[in-house]
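Got a structure for you, written out below as structure tokens; questions coming shortly.
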């Protein structure tokens, strides 16, 4: 960043810097009406200012909370910034949250206003409006279907920003007054974590923290105003906020919003972003898709694909990392680039990608190498909401799949005696909103924040390595280490396994629940002439169980190699009769398993696994898409698996 | 439905014959501005023929069509289209050789008028006109949520979507009155719900007057402000859905008969 | 494989409406233009004599591409079949001849364009029956035009200035001090003129087709009743298609006589030629400009090459090779109808699609 | 005034003044019409049974005449030549079904139509290659047809009836009767009709579609042979016959695509019409109008009765 970055400690300041430096370059694009509608930084600034003035006119006071709900659209990003400008606190919410969750958050932060995307959100809020006392006005972006609604507390977005536009100076004066009061310590956003336990907590982040963390990250990866990316992850997720607001603003880059949820992939391909962020499941899905589509290609294409992918596996990473590679290999790689890698990246829309990030969970080495060998600079990063995301990142020269990188500028790390990773960062959160107790538990008086993750710093490389959630790392009955997430991730690296939940703390043996991946296994079933009508039917298929057994035993074999982990081998497992679903509270919206909740809900199944019976019948409550509840009954078979001795011994034998 | 009930269209004493076959016999009814008017009746009751009379494809032997408060002189279909009548067809009549967006653009044909010279150069007024109307079509595409199939040749689309593209094409004409010939025929329940929602949205957002033929009584009762019942080419009943539903003649002729 | 579409986004409708929205296609067209304007004039076609290249391949192919474009506009875009193409070319040729006679000082290019306009008017008149009749029936109407015009070319002596031969003949015509047409003109000069006209006419056709008028033709073609109910006036749509199509055919007829053959009689415009042009359109692909190029090239060049190779390499008698090329045309049309009724253009489109999706199959 | 007289009065005056010439014209028109009708009949047969608009029918006529004469010239006895031609046509029908129609089954009518144009080219090329392109005379005597002509004196002049024309008329009538009986009374004939109406229905009756196509093309070939013999006798046997064969198109327009009577009546209308017009009005236009007048008659018909003489009025539905 430029030398005066320290003085740019608030978003309004960053915005005006962008207007003066990059005024005519594109800041926001949205695919609408078939083309990419574009706003330059000056145009975006006008939009934001108008909206801010309009919000003042609407009666938004400093310190008010303003909820923002909807799919990724420029108007909503502007809403976040306009809210900041008027001194209010923007609170982005998950657009697919059920009314119940929404009610909790809106009540908790006593939101007075909401800016929403469309009719669907309006309906949802109006449903709970009676219970959420403080909520005064709703502003909507897309007027479709809302013509006949009662408009007393419902305003079209264009009216609000229109009011700001037609301002005679009075609002401007007020806005300027409020802008002056904003400092680096002012709250920039209130983000609700999708807590894996209990109700979500509101993380209060200041301007300084977010800008600081974003600057550190941008510096490492050399972001510039020429970068652009497509936002498609939920706006309420901290990652999207940090990238689409923090990093984009600090770099003066361009943010592209897709046309709709169905068209993301198409839009990414059209836009060809230079930076791309995707959680591991997305990378997994893309690769699966590639494999499925190649499977149907002609023998010639398949052969070429195999040949060049093997070659890429051999030298691709070295070439990407600028290591020395023989001239023949280099030549073959560039031919491969024309024939396979280039077209493949083109089909995935990743041709122009300079940096690709993955974070949130562990990624398998195989998957990681697949993308890197194609020449896509996929990197890991590690962070959390409380740290404004960025804690450690990987430098281009030192990228690995099993570590998460070194601390970025402004971050200090230490490992507590318990093995928990602790940090002190410029991006550290101010507090949990209305929850001083939790704040105290997490952040000590010296500013060290507990991550809740167990891990260690590799001596050779200085990179951080994460093992598991600190509280999940337990002991088994014989005292050996029980690290469920570590094992679950190994399981989930199989494309056929969507989710896994491991149980075994305080027990003699480990057992597991599995969720099969319906698309991958379904595809496999189709090719093997296995008929199925539903997830449940496929899950209870014997051949599928056989396959899962194979996967589990492979993991066991792998675990047996590591003396500290060999105790976590899975003795028995079952394939769950339903997919873990955020609507049922079993996983969070970011797809993290709520372990204790699951253990409690499926207590009968866990007991059965430990007891050693062969079959168990159960009845489970499920929530349907429309919010109605029902029951699902099933009889599930339990499968025994083979476990292995420590690697050294089996080798000898 | 509008409150003042001003009549937008009225057919008076229509008689239509093909050779010796009587298709419509002395039928009269009116359509209010802004309402959704349903025409129902058993197969062969003359419903489609009625739409064909309204949009000028058939010329009735006797009877008058009043539109916008004026008696309509005898006109060719393309001239009638110009007066602001658009329609969809029972058996989808999309232009199979074109994509979705091209099909919707055909709905703007009437509003475009730049001459051959500019068309050949595709420059200046011609391209400006093209852009202007493209924008309008894109809005309709967005409204009916068919963005993702914008560039798909319509022949490759599933039935339900084809129906929606056809609706988009009709809407692109910015019609005063929209005739829908069995818009939900052959659809499953979910598609029917979607289509009903779109019909209501169109009626509300654009204020378009809609006359539709539909078999599904539940749908008609939900959608329509008023219903005309035809049977063997004759008018059997005319009124609100509730009135029609309780009309004994209708029950005997139509509702009572399971089909 | 060659396509890298990622990042080729459009932020204006104008970009979206461009003739070649993809950068790779633009490059492809540029390469073709360079080949046509630079490579071939300098090097000819490797393996063939320069004179043969120009006189027997390039110039006629370009001229017949214009004819095919014209017929394709009518048949492929507007869906109106015509077996009178040969005679309409005659209209172009004879009217050009008359215009040159009446205005001896008029620039020949203007004469050619005027003769296109005359043909457009004639085409429109013979297109009138299309308002009432469709499909196979229209074939008869256009055959009426064909035979009537053929008759007129013989019986109306005014058309060929009452000369004894009964044919028409070009004289030397100059433009910017260069002899561009007639017995003493240089093949290369004629090549450039014909090529430039072809490029220009292709551009115009692609413009019209993508606009309002082109759409009205396709509406009539795909579903005439729906088109009418949407507000397309059949009279305007059909007659404009006949006129525009005939304009192209007429120009190609004039070019054929005055920039290629040098002289012509009624036989050059008879019904069997109409069939050949129809084949060009069908083999190339109905409703495709690219197809018009491919169809004209294939249908013209392959028989020429068969004859040439048969004569020079195998020493076959010309009559045998003539028949052999007729059989080739027949077989080609049957095969293309069986393999891909939409012609070479569709095959090319499929290939292109595969290249775009490479290495995926879909 | 003069021109109006020339158009509207003079021709009729002439007809009245020389009735023998008029009757001669009628007779010539009648014979030509019969032959047009026969070619059209070939179209109708195939269209009725397979929905294919067979553009190659005229060239089949040429092929029949040409191969017959060529076989004879090679030294094969006349009647054996006829049998050889029939065998050849059966083989051709089989090949067409195998190589073309079967590959294009379920395709649109236009495509089938185009494929028959392709077939036309193949036949032209092959026939010219094998039999040469030189016109030759039809072997009328050798086939045992009566020679010479009859002259009936009347109205102070005389009308000539060529014996071969009389034979043509008689045989045409016989063929039509046979075909009519074939279609309405025999099992195969009814099968053929069933195919045209409904392919599924025909299949369910147990008739193979492929067999039917072979049969119908063969029958069309027989009709072509008959036509070829008589037309070859009237003019030379050459490829010019093909152009004359196209006259069957206007005949079809007038008579309808599916009607056997229509084909004959249409043929007569065209034959008589163009002959009379050529003789009485042709000189006004510089003669040679026979080349296109038939099409004009058809056009006029189309404009007033688009469905032809024997078709039903269509009600368009949407």
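Chains here go by letter, A, B, C and D, matching the order in which they are written, and residues are numbered from 1 within each.
Quick note on the criterion: a residue touches a chain if its C-beta (ideal position, glycine included) is under 8 Å from a C-beta of that chain, and two chains touch if they have at least 3 such contacts.
Being a predicted model, the structure only gives us computed values, none of them experimental.
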item: Which of C-D and A-C has more C-beta pairs touching across its chains; value: C-D
item: Farthest chain relative to chain D (centres taken as mean CA coordinates); value: A
item: Distance from the mean Cα position of chain D to that of chain B, given in whole angstrom; value: 49
item: Centroid distance [mean C-alpha coordinates] between chain D and chain A, Å; value: 78
item: Euclidean distance of C-alpha centroids - chain C vs chain D, Å; value: 33
item: Centroid distance [mean C-alpha coordinates] between chain C and chain A, Å; value: 58
item: Junction residues of chain B, two or more chains touched; value: 57, 89, 93, 134-135
item: Residue list for chain C, restricted to those that touch at least two other chains; value: 13, 16, 225-226, 229
item: Chain D, residues touching no fewer than two other chains; value: 316, 318
item: Partner chain C, residues of chain A touching it in the complex; value: 29, 34-38, 269-272, 290, 293-294, 296-298, 301, 304-305, 338-340, 342-347, 349-352
item: Footprint of chain C on chain B - complex, ascending; value: 55, 57, 76-78, 81-82, 86-87, 89, 93-98, 102, 105-107, 109-110, 112-114, 116, 119-122, 126-127, 129-131, 134-135, 169, 173
item: Residues of chain C defined as touching chain B within the complex; value: 13-14, 16-17, 204, 207-208, 210-216, 218-219, 221-223, 225-234, 240, 244, 287
item: List of chain D residues in touch with chain C within their complex; value: 53, 99-100, 103-104, 107-108, 110-111, 113-115, 117-126, 128-129, 133, 243, 246, 249-250, 253, 257, 285-289, 291-292, 295-296, 298-299, 302-303, 306, 316, 318
item: Residue numbers on chain C that touch chain D, as the complex places them; value: 129, 132-133, 135-137, 139-141, 143-144, 147-148, 150-151, 154-156, 225-226, 229, 271, 275, 278-279, 282, 319-320, 322-334, 337-338, 341
